[in-house]
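You will see two complexes here that share chain A, one where it goes with chain B and one where it goes with chain C.
Let's look at the complex of A and B:
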């Protein structure tokens, strides 16, 4: 990496933001750090996996919250020595962490293998089905969880204090943000983006399309599992209701609010969601127009509806567009764009390839169902 | 297929001999057949220690389980056929399908309460045929009208952007779920079957509710009507032509925008009918919307999106799996039955990634 690229404005902003976030606990209330920022980082981490699959793979996954939950359930089952429910294996914390991440990755590998030959709308539906089946699994299978879930889970001693969980979230978020962007420039990431744009061409060039999708899904599952561990330490418990269809949609909504094709958007969306969740009721006018805390989902739903109707690129997309109006090139693209030779099938997608390659996700013809790999008799 | 061969070569790193590749390709199909055979042998002869017992020693339980599966499949078909009809023509995955289902159920319950004149403890003897059919039509028509409004306001202008439409309907379903919770409360409400169908039959020593058979009959009537509409009327032909080649239909001077609206009306009407049947069968409660979105999705993923034949096949397979897996698992493992939904999905997708009757585009 050259000095010029290291000193790019985007990187400077990133480092400055990290600095601000690192000293934030000294200036704000414990409540803000614990209930807003820590949750933002956890949910952002999970939403970033949706963005990762969408941006590089053209796959919108609704199974990420399931994997997030699987890690929590597995840690709870493995780490607790005696509890009302669960297997109570009583393993040391670090063994339990490894176990949880191993299970999550294995589950993601299996689910990814099954979903790897579908894309677009099929992938969305299939992963939604995964999520709901997962919910019913944990709600019904009493030895692992049952409807009440696993309770009184303590974080490892190292992360005992609440502020340490915040720093863990911050460090992991920074690593994942940099890591996911770096993956985009590796041969694997480039092949994945090629598959997103034209799976048939990539298959005929000799790339194994399902394998790439499966590995991307596993990587995203692993990261979602890390976020799920943070969540279960923060929460102290996990129950099936927390991975039911409502929260599953909320996680997608977080990614959509921020902008589903920008990694920044994951954390931005999480912040907007968590802040709205915490502070909406404190606004002076809202109860007068009938919006109480209980109607929070309506507010979020309408917000997403507006975003999808007005600008499918989300908040980050709006920012980029405003910058574009001011005559500056947006600096939010990925470090290396896929080769511009991707076949253009209609005008909308052609335009998308220029600035925000993954606007293509919302265009009709890109990468949807074009795969013809094998086994169709 | 051409590209299949390329992919397999990529996987192996080297060219795979043709016979070996053929075997590899047939492997999932053979696996599925083996799994089916094992399941059949298990249910017929081996299933000792299960709630139902082997079919040869307890044929009554077997027949009842089979009927449970078939009647539930009828309900599944009514709901999922609406979902798949809309997708087949417009490529719109309507994630608010479950919300339309639940809304119609709630409205029908309100109408039935008003017609019977009681708000609680309605007994089957209070309910005549009209007290069930009128709420059914009102509820389904309400769902259908809402469906058309949603289509005209939110989906008409972004036709073809599948993922955007899916996310828009998802957002709508979140809002609808919340507003229904506000309006109808969180407790389960129940629609009551008319007294004419509230009896019990005795089948091989087992009591069986007539209302379930009535539900299957309604589903068959719906299926036949749908089939006649799609194959024997002009509009049905236009819809089928639109499924195959939308722009050609447009070029022939047919007003496909109107056809879209009608299709959405019918699809949402079917969701609403299913909602009323579901509310009579199992009650309507917050959360049924998500469960029935899942059911519709599973049926169309198994059967193939956009295919009515696929909806029949998917409903039957899924209905039978739902009925058989809890009855024929060993008693202490009954709660693992949900896994079989996943197994069914995995088996179908391993052989046909786009469902039994689906087409890759």
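Let's look at the complex of A and C:
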């Protein structure tokens, strides 16, 4: 990477943002850091895997929360020495971490292999089935969980203080953000985006389409597992309800709120979701118009509806729209930019059949096609 | 990369930075600067503006606690309540806050801020010069994750120093674990009936002034085996901690006196189609009876599935825990009469004592109506809600708090002293005395009832026996060294139960001893 690229405004802002977040604990309350921001970073990490699969692979996955949960269950079973539930293997924390990540990656590899030959709505439904099966697996298989889940899970000693979990989440989020963007510029990432846009064409060029999808799903599963470890350390317990259909959809909603074609959107969506859950009901007079804590899901539903209608690219996408409204540079005419930020694919349409026209992401899609033409397997 | 693309990315990241910074400042500032009593009567329980007195007291409350907090004196009870506004028991949200409000109205001079809802909070609650302020109401949905988020909000954001709740079994375990990690905050269980919070977790700042689900079935074995002649029984129970605990109590009791549990079936909580689970039960001619621990909306659905699969119900072949109620007759017909029902904190309406009448009347004086769970969320007589266990569990916790505050002369600056006082409290409540065992769990009197036909041919509950002094160990069947109740535990074995033969019969609503 050249010095010029390192000094790009986007990178400078990214570093500045990290700096702000690093010193945030000095200026805000413990609750805001240890609850709101730590949860934001964890959910953002998990949601970023949805964005990754969607942006680069054209795969909308509903299995990410399952993988998030698998890591938590595995860590709990491995690390606890005693307790009412679980295997209570009593392994050292770092061994348990490696075990949990190995298991979640293996599970993701297996599930990815099974799902790699499906696209669009079929992939979505298959991953939904994964989530449902996972919920019932942990609810029914008592030795590893049972309906009550695994409780009394403590983080490794290194992460004992709650604020350390925040910093762990921050560092991991930064690494994953940079890493996912970097993957988009690698031969693997470029091939994956080519498969997203035209799998038949890529297969005819000699690329192994299912293998690329499977590996992408595994990488996303590994990262979701990291988020799941943070979550189980933060929450102290995990049970099947943690990975039921409701939270599964919430993770997708978080990605949609922030912008499912922008990695930044994963964390922004998570922040909006967590902040709304915590602070919306504290606003003056909202209870007078019927917005009580019991109506939170309705509020989130309306928010998602508005975003879907007004800005399909989520909150991050609003910036581009505002720029278009201001007329400085119409979105459709902006110069072509190669990956990493690639268009979202409609889950209901097969990737090969998707209409590339008349969206703000059209230009980038074309650019990728052009890029891929020069990439031999 | 073009300059336009760079600007686009820059704008996106900048917008992220701006939004985060603005929201962080706003939210964080709110937390840090929030005075302890700022949410007097709650943000979600803000004072009724039409009530001048309440508004005046709220204003006062907003001013004073900040000084206490700033000085570190902290001699105000900042009470958080963990309610249940969603999930299978979401209809009982009013009951949870109502129970605490009534306890404070009766014992601390509180006035409800609304004549028709407890969720608007109270004003004027004071014990030994210490005011009790409602800082917030948590919204549970029967899942541990949600209740953990809510209790953290109450304690870490709203600065609650005492929490009453939660309502449900799995939630109770999660909150007890949280209590163990936060010893300076005092927790009083609402009506969470799982066994583990006290017997396994044993947080020293978690107090349960009610029974667990197992205790509420104590004495059922004696009645069904020794009196009704049941030798074999099939158990169907919700597959979660309360279902396990409730079934465990019945199994320990029934097997303890010599009965045999031949089948155990555990449908997941929230099941709507019970047909596959009912098919796993033996036929009526293969077993003497069935014991049902299926709650919420599942009770009726499960029994209807039984009728479809096994034939008509006959009340003398069925029994259940607290979820069996006369309302089932509306769908299942009067043949449900004859079924025995376990206890649940209160007693059926046929038992009336001056203390019970006074308690129920005080509820009617506090509110004009309440939309409690017992009236399916529709406005009804407050005494109807007060007579049901969910409301009464929270009421018991509120009474315990008032008594403990009196014991420490209103000084809550030392949490350990308050907790020590709570552990010594014996509550003389309208439905019986409650004391605590060494694990801070209630030792209670359990009222068992039966569904019977009244003179008008309607199915009603009738109290048949009161089992005094039931604790959660069942004479040693359960301890901190035994596994938590589960699908397989306890095993069906005979045991010496301390209350066998000691049940007080009740005839015509009058205990015979």
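Here is the rule we use: the second predicted complex is superposed on the first by the 323 of 377 C-alpha atoms of A that agree within 3 Å, B and C clash if a C-alpha of one lies under 4 Å from a C-alpha of the other, contacts with A are read in each partner's own complex, and residues count from 1 in each chain.
Methods note: a residue touches a chain if its C-beta (ideal position, glycine included) is under 8 Å from a C-beta of that chain, and two chains touch if they have at least 3 such contacts.
Keep in mind the model is a prediction, meaning the values are calculated, not measured.
> Pick one for A:301: touches chain B only (first), chain C only (second), both, or neither.
It touches chain B, and chain C stays clear.
> Looking at A:133 after the superposition, I want to know if it touches chain B, chain C, both of them or none. Which is it: first, second, both, neither?
A:133: touches chain B, not chain C.
> Return first, second, both or neither, reflecting whether A:203 touches chain B, chain C, both chains, or no partner chain.
first
> Which of the two partners, first being chain B and second being chain C, lies in contact with A:142: first, second, both, or neither?
In the superposed model, A:142 contacts both chain B and chain C.
> In the overlaid three-chain picture, which partner chain does A:85 touch, first (chain B) or second (chain C), both, or neither?
After superposing on A, A:85 lies in contact with chain C but is clear of chain B.
> Taking the superposition on A as described, I'd like to know which of chain B and chain C A:312 touches: first, second, both or neither.
In the superposition, A:312 touches chain B alone.
> After lining up the shared chain so the two structures overlap, which partner does A:67 touch, if you call chain B first and chain C second: first, second, both or neither?
neither
> On chain A, which stretch or stretches are contacted by chain B in one complex as well as by chain C in the other?
Touching chain B and chain C on chain A: residues 142, 294.
> Applying the document's contact rule, which stretches of chain A touch chain C when the two form their complex?
On the chain A side, the touching residues are 5, 8-10, 13-14, 16-17, 20-21, 24, 27-32, 34-37, 84-85, 139, 142, 146-149, 151-152, 235-237, 239, 241-242, 247, 262, 264, 267-268, 271, 275, 277-279, 281-282, 287, 292-294, 296, 315-316, 318-320, 323, 329, 334-338, 341.
> Report the residues of chain B in contact with chain A in the complex, numbered from low to high.
1-11, 25, 28-29, 91, 93, 154, 160-164, 166-168, 170-175, 177-179, 182, 287, 290-291, 293-294, 297-298, 300-301, 305, 335-339, 341-342, 345-346, 349-354, 360-361
> Residues of chain A touching chain B in their complex?
That would be residues 60, 114-115, 117-118, 120-122, 124-126, 128-130, 132-133, 136-137, 140-142, 200, 203-204, 206-211, 244-246, 249, 252-253, 256, 294-295, 297-298, 300-302, 304-305, 308-309, 312, 361-364, 368-377 of chain A.
> Mind listing the chain C positions that touch chain A in their complex?
1-2, 4-17, 19-21, 23-25, 27-32, 43-44, 46, 85-86, 90, 93, 119, 137-139, 143-145, 148-149, 152-153, 156-157, 170, 173-174, 177-178, 181, 196, 200, 239-241, 244, 268-269, 483-484, 486-487
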